[in-house]
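Across the two complexes that follow, subunit A remains constant while its partner is subunit B and subsequently subunit C.
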Partner chain A sequence: MPKYTRETLKNLLDGKLPFSEVKVMMSSFKDPERFEMMLEIHQSRVPWPEKILLPLGLHLYIVLKENGDRVVKCDCGYEFGDYRKNWKLNALVYVRDTEEKIAEIYPKLMGPDPRWMEIREYYCPGCSTQLEVESVPPGYPVIFDFKPDIDAFYEKWLGKPVPTVE
Partner chain B sequence: MPHKAKILAIDAGGTMTDTFIIDEKGEFIVGKAQTTPHDESIGVANSSRDALKYWGMLPEEAFPTIISGIYSGTAMLNRLLERKGKRLGLIVTAGQEDYLRLERGIQTYLGYSYSDRLHVATHRHNEPLIPRERIRGVRERIDLFGDVIIPLYEDEVFQAVEELLDQEVEGICVNLLYSYRNPIHEVKVREIAEKVMEKKGVQVPLFLASELYPVRRDFPRLNTLLVEAYAAEPSRGQLERVQNKVNELGGRFNIRVMASHGGTIGIDAKKLAPTLVSGPIGGVIGGKYLAEKLGIKNVVCTDIGGTSFDLALITDGEFHIKSTPDIARFILNLPLVQIDSVGAGTGTFVRVNPTSNRIELGPDSAGYRIGVSNEQENLDAPTISDCNLVLGLLNPDFFLGGDIKLNKQRAIEVIDEKIAKPLGLNVYDAASGVVRLFEDSLKNQVVAMVLGKGYAPVNYTLLCYGGGGPLHVGGCTEGLDFEDVIIPTWAAGFSAFGCACADFEYRYDRTVDLPIGGIGQLDPMTVSVLLNAAWAELRQKVISQFEKSGIPEDQIKFRHAVRMQYQGQLNDLEFYTRTGEITKKEELDEIVEEFENLYGRIYARSAKSPELGYLVTTAIVTGTVPVEKPDLPNEPLAGPEPPAEAHKGTREVYWRGNWITADIYDMEKVKPGNVLKGLSIVEAPATTFVVPPDQEACLDQYRIFHLRKKVNKFDIGGI
Partner chain C sequence: MAMDLSQGKVYGIGWAGRTLREMLEESERLFRETGRYYGLEKLKLKEKDPIRYERIFSRIRGGLVNARETALNISASPIVKELGELCFALYTPEGDAVALSTGIIVHVHTISDAIKYMIRNNYEMNPRIRPGDVFGNNDAMIGDVHNADVHTLIPIFYKGELLGWAGGVTHEIDVGAQYPGSMSYGQANRFPGDGFIVPCEKIGENDELLKSYELRAQMSVRSPMYWLLDEKTRLAGCLMIRDAVIRLVEEEGVDVYKQFIREAIEEGRRSFLNRVKEMLIPGTYEAPSFIEVPFKDEPVNQLMQKDTMNHSPLELTVGADGEYILSFEGANKWGHHSFNCAPSPMQGALWVLLTQTLIPNDKVNDGAYLATKCILPYGSWCNPDYQNVSTTLSWLFLIPGFTGMIRSLSRAFYSRGYVEEVLAGYPVTCNLMQGGGINHFGIESAFTNFEISSQGTGASAVKDGEGFCAAMWNPEGDMGDIEAWEFIEPLLYLGRRVKPDTAGHGKYRGGPGMEALRMVWKTDHQYLYNAGDGYTVNGGGLFGGYPGSSGYRHNMRGTNMQELIKNKLPYPTGDGNPEESEMENLVKAEKVDFDQQALTFMREYGEWDLYLSMQRGGPGLGDPLERAFSAVEEDLNEGLLSPRLAGSVYGAVIVQGEDGKWKVDVKASEERRQEIRRKRKMRGVPVKEWMKKERKRILKQDIIEPVKDMYKSSMELSETWAKKFRTFWDLPEEFQFD
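Coming up: the complex of A and B.
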């Protein structure tokens, strides 16, 4: 069973591993400690004390609050509310739905036709970091990317109790 | 009695240069020395010196009697892999400039295991041999019929060449669309480039696709052209140095290089890229030679090495040729002896998949290393070799003749912990299961390949070689009715032996695309005239190559071949034709008939589709000049009873659930004519041959073992 050092996983997270090494990792069985170690690395990097239950995106985490709530939190500390509700509804959004707005990021003729497709960019109200981008037909509902079953994941996949407030 | 060296074969690998010298009686010696990449001739000299010390000779004494020398090396391949080739510029048809960055999708996962191929996240683009900044597009267009649709914009060529020369390129490659149909634009580019170079006072070599590789399939053609200019051409200097060293040592023969089509070519060959992929084909050539000598028509060549299992077929005395092989993640337009390779060898790692709780073999392997039983290697996953050791099939004190001592106890412990316990088995059953799984997967490959070619095992003789071949041959052929199963006693060195068996042979291919019947059909005599012309042109190329080696035309044996397909289908088949010049319609009909038969055999008779018409895609000419080949050993036959001194003792072996006492023999002391009854284990320094309980092995006068079912069927023990 493969085993990696914390240093290797940190580099993996930061995209600093050479591809040849990443390829070997991808082709091997998953190291059993990976989730725990990744969680520790994330936890050590955020400035707030709440326990991370599950990373949710490049800057987002589901964390355990003191009162037992599970909320989506940005690494700047901004909280989006209960993880079972789409966090995007509490984020800032910039919609590119005209030729001009699309031309800002795509070379001419290489972006989508705004009559068919619009680009929605979601930003954190706390730190203005771009958190997610979705490309959908105009009028399409806001996509709810991921609603994990945290209890089942901990108990049935990891085989350990889900963290709770003491 | 002093030895008279006759044939020299050199294999310059990445780290070691191996030399194989054969005398007139078929006896051979092997030498090793460090490869010297800056000047390979030094390594070659050292390695031959090392070999010749076994005969108490010096290279200066042995070289003058050598009449044939073959070289193969990995320097070219390494130059390609490490991207340390020439600084080139490239001119393509405008619009094709990003070809190297886009690649063909297949190149992003070539060489991957099946699971990785499905796992798209692992796919990756290759670093282009020429960066985008040194690729120029010029407007022009020739269509698939060879007609000029857009004339060449000559001013753009002037500008492109100037800009490339300003970037200090060391060579310029030209690959325009459909240039194999009509080279007129490429020729014009060359004229212009020469003018520009003259004006600027610089000279760099030019490489035209239409001249070097006039074959269909644009992208592989471009790759081949680039590989030629980038990695192959720079090797010419190395080859010349090796030749000079040989002459210095008193050798009076010309070094030849193994090429992908299965022949050897001179070092002054116009195209050297075919020598890039010569590695694994040695064994197949040896197989062909053996087939000739023993009078066998059909052979399955199986090579079980440390990392892979290579399979090739020889049918009617000919090996099969693949027209777009891949090497170093490039698909190339070169004829390559067709070898199917499976990532399973004796060094393959064995693991239990934690998800499915099943044994998984590889796909990775320990490579040149042995396994956990060799502690210095620091491996943590056991290999097939470890399992063989645990079962008693391998002798821990006689691996590589005892040069390496293996720790059987450690193998037992590791297999127990990592394989047996998770599966709930005892360590011997686990190891035995692994070996059976390994042998079964090899067996499936063999069967699939033979059936896929439209034959049954009973039509073929199975030849087994490679370090691990003799060990597993019994298991891989179990239950398959091969005509015969043969194992040369020199199985471990068979690939090197095979290289020494190669003909001096040039091969040229040209795409012709001549329709017979079907849509756009031509008059049969027009087809014949055009095909004759293509063959004649290729013959001329062969003649001019041999001329460089001072060989006159009348000594060359020409053979003509075509690749042919039904119109609209994608795969063509290659076969030799009886004639190289069609003079009457019946001869063309005969070629069509030959194709129909071959197609029916490979696919199914009912799949024949003559209503579509035919297309002769490629004309091929090979020219061969006979060269000296190694003789097979030929010893007098003794009786079936092996001499007492050959019997080394007995050993307990775990064979499919039972402990059986195996007789251990010393391979070198077994005499021709001897019959060894299973379960026997025949040990030699470089390999171990296992005769399963229900079989027996007979050594013939050429020192080749024949493995067959025990004659007395009531004498089956141990199952």
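Coming up: the complex of A and C.
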């Protein structure tokens, strides 16, 4: 099993590892301690104290609150609520549903026709980062991208209890 | 199968005198009862002598790869020869894949379905399965993606006993359908529209194709030379595999071989479950996709003459014990078009994607199939309840239909820390250029251009996607040489180059697509299709990245190209950004199609007419405002990104130097990005507020027909999905679209 230094993983996460090294990494067996090591890197970078249970994307994390709640939190500090509910419902949305709005993203004729499909941009109310983009026909329910089973993951797969409040 | 009359007992060709049907039934019973392949608890051979076990595996794998590499030289078709659209696999007597070659491995399980079909239908009794027999199949309802993919299967006997099967598949240039090409459409039904279908038949004896079959194939397709050489390609490969297996059995002993193939599949199943636990996160992932079928005004069969939309509501559940369940609950109904899929191609697509993501190693077999589950609603486009559905171009729905699986896996990889494995998805593999008519040699012919195997890839979480190099269905993408295509297609290449603005934007952009501008040459009778997404974009986008662009159509008929060439005037070598279309600027034509109608029926073209074929870019990953300015600059100077979008998408303030190179003004751009963030806060609406407004729109049914029709169909077919839709929008229980 390969082992990587914290420095290597930091560079990987930041897109700074040369592709020749990334390629070797992709072709090798996976390092089982990766989850913990990456979690520590994420934890050291966020400006808030709550423990990260699971990274959800470039800016989002599921964290453990003092009262034991598990909530989705942006690295800017904005909280989206319980992870078992779709965080998008507490985000800001901007829907590109006209030709002019779509033309800001795609050249003429190369974007969707808004009658068939719209582009929904979900922003963080805290830092205005674009967290997800949906391309769906008008009227489609908001997509719940990922609802993890945190308990099964920690207990059955990692073989350790989910962190709780002391 | 033989009958001993004195005993009244039936002796099969299977192991220990059993029939294949008995063997299959036993295998299925043992799996049902134990959850393990053939009920194996211990992998005795592997545990006792792991080196021998691995050696046997390598020899089988080597035999398969060797068969593929050697056999493809027999083919004359660039699809097979240059692009490698073929693969071979080895099966147990019951039809379970033990090992496979490289190539279009989408077919490993479709061939398995075909073998099981023969067993269930008692081929052992009639038409009999004997040494030297050759079987052919290209029936999607039995086991295949579509009839363009043709299987050859041979039994492998050793001392009178069936040891297993060798199978091979290639993609054909033409299938003798109602319209020319290997994936043509316009017909409403399989019969009589889909062309030459060989539904698992005996096509050869004594290691040779039957003359009657060869003659029949010759009469049934438009490019018989390619068809027959491909038959020989597959048969040669299968015979090489048979020889390799027999040699192996003679050296290792038949009992060891038998033990090995059982263990190899059970090992495949176990390692898949382990791999799931090693790489993913248990939970539920939603990633639906959509593609349009805008046929209202197309001169297709009346039954399909309407606008419709495909709904692929992919949901992946990863269970606490490593279960991998892919559900399409909510998929809408099949239609009278050629984009329907039987369950077999759905399994094939799942398989080909798993081998490129979760299990990218040479030790892949039907064990992985046994460890996964697909839920395909009966009556939907992915499990039609009508035997006569047309399926010549199943890929049109299959490809977008599965892109969400890559995004879902990527969410898991990211959470797990394996960020190097993340991919934002993949685009549709279009434009699919195919057609036929009188070619440049004056012969009636047909073709399918396989530049489609070179699309841009999705962005990764650590780097940009790669350009014009991959197709979701073939891990070894190759666009083929221009000269090879010009030999079989009566169209010259005026150019083949990067297409700007195709890559999905993001912190990391998708890989760009390309375009080829073709001119009809030495014929006045070519019928050409356009196929791809135009009114929709596909392939998603991840963590704030956008999907790659849609395609569009730009074809010119009755042009002045001959005059331009004669007078040595500038002519286009592509179209570039359609807002400053090179074709429009340089060429005059009587009839111009320049719009988003990217999925069409055939049109007739004459010499000097122009046809644009553009391939898509991959989806992006992350907020574009986080993209490095140096990368934006590079994209501008490489011609991947138009200056206008560098500003509106990436917030880059740019200046062009005297040398024509673009430079990003970093300080001004930082400010512009701040400004865009402020704008987002202004224009963004709390989702719950937006939902209230949107709910009213749904109640008013203020949505175009094909989209309403899609919702209605999904709701009628699936009570679960209907409930989900109504609950989300808080609609009355009886709500339905008109």
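Quick note on the criterion: the second predicted complex is superposed on the first by the 166 of 166 C-alpha atoms of A that agree within 3 Å, B and C clash if a C-alpha of one lies under 4 Å from a C-alpha of the other, contacts with A are read in each partner's own complex, and residues count from 1 in each chain.
By our rule, a residue touches a chain if its C-beta (ideal position, glycine included) is under 8 Å from a C-beta of that chain, and two chains touch if they have at least 3 such contacts.
This structure is a prediction, so every number in the text was calculated from the model and none was measured.
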Mind checking subunit B and subunit C on superposed subunit A, clash or fit? clash
First (subunit B), second (subunit C), both or neither: which does A:1 touch? first
First (subunit B), second (subunit C), both or neither: which does A:88 touch? second
With both complexes overlaid on chain A, does A:26 touch subunit B (first), subunit C (second), both or neither? both
Could you say whether A:56 touches subunit B, subunit C, both of them, or neither, answering first, second, both or neither? second
A:143 in the overlay: touching subunit B, subunit C, both, or neither? Say first, second, both or neither. second
Taking the options 99-107, 153-161, 207-215 or 405-413, which segment of subunit C carries the C-alpha atoms that clash with subunit B in the overlay? 207-215
Which parts of subunit A are in contact with subunit B and also with subunit C? 19, 26, 32
Would you tell me which residues of subunit A are touching subunit B in their complex? 1, 19, 23, 26-27, 29, 32
Show me the residue ranges of subunit B that touch subunit A in the complex, using the header's touch definition. 113, 115-116, 119, 121-122, 124, 351, 353-355, 363-364
Contacting residues of subunit C [partner subunit A, same complex]: 277-279, 281-288, 290, 292, 309, 320-321, 407-408, 411-412, 414-421, 461-463, 500-502, 505, 507-508, 534-538, 540-547, 549-552, 577-579, 594-596, 622-626, 642, 644-645, 648-649, 677-678, 680-681, 683-688, 690-691, 694, 697-698, 703-704, 706-707, 710-711, 724-725, 728-729
Residue ranges of subunit A in contact with subunit C within the complex: 9, 12-13, 15, 17, 19, 22, 25-26, 30, 32, 34-35, 37-39, 54-59, 88-95, 104-113, 115-117, 119, 121-123, 125, 127-133, 135-149, 152-153, 156-157
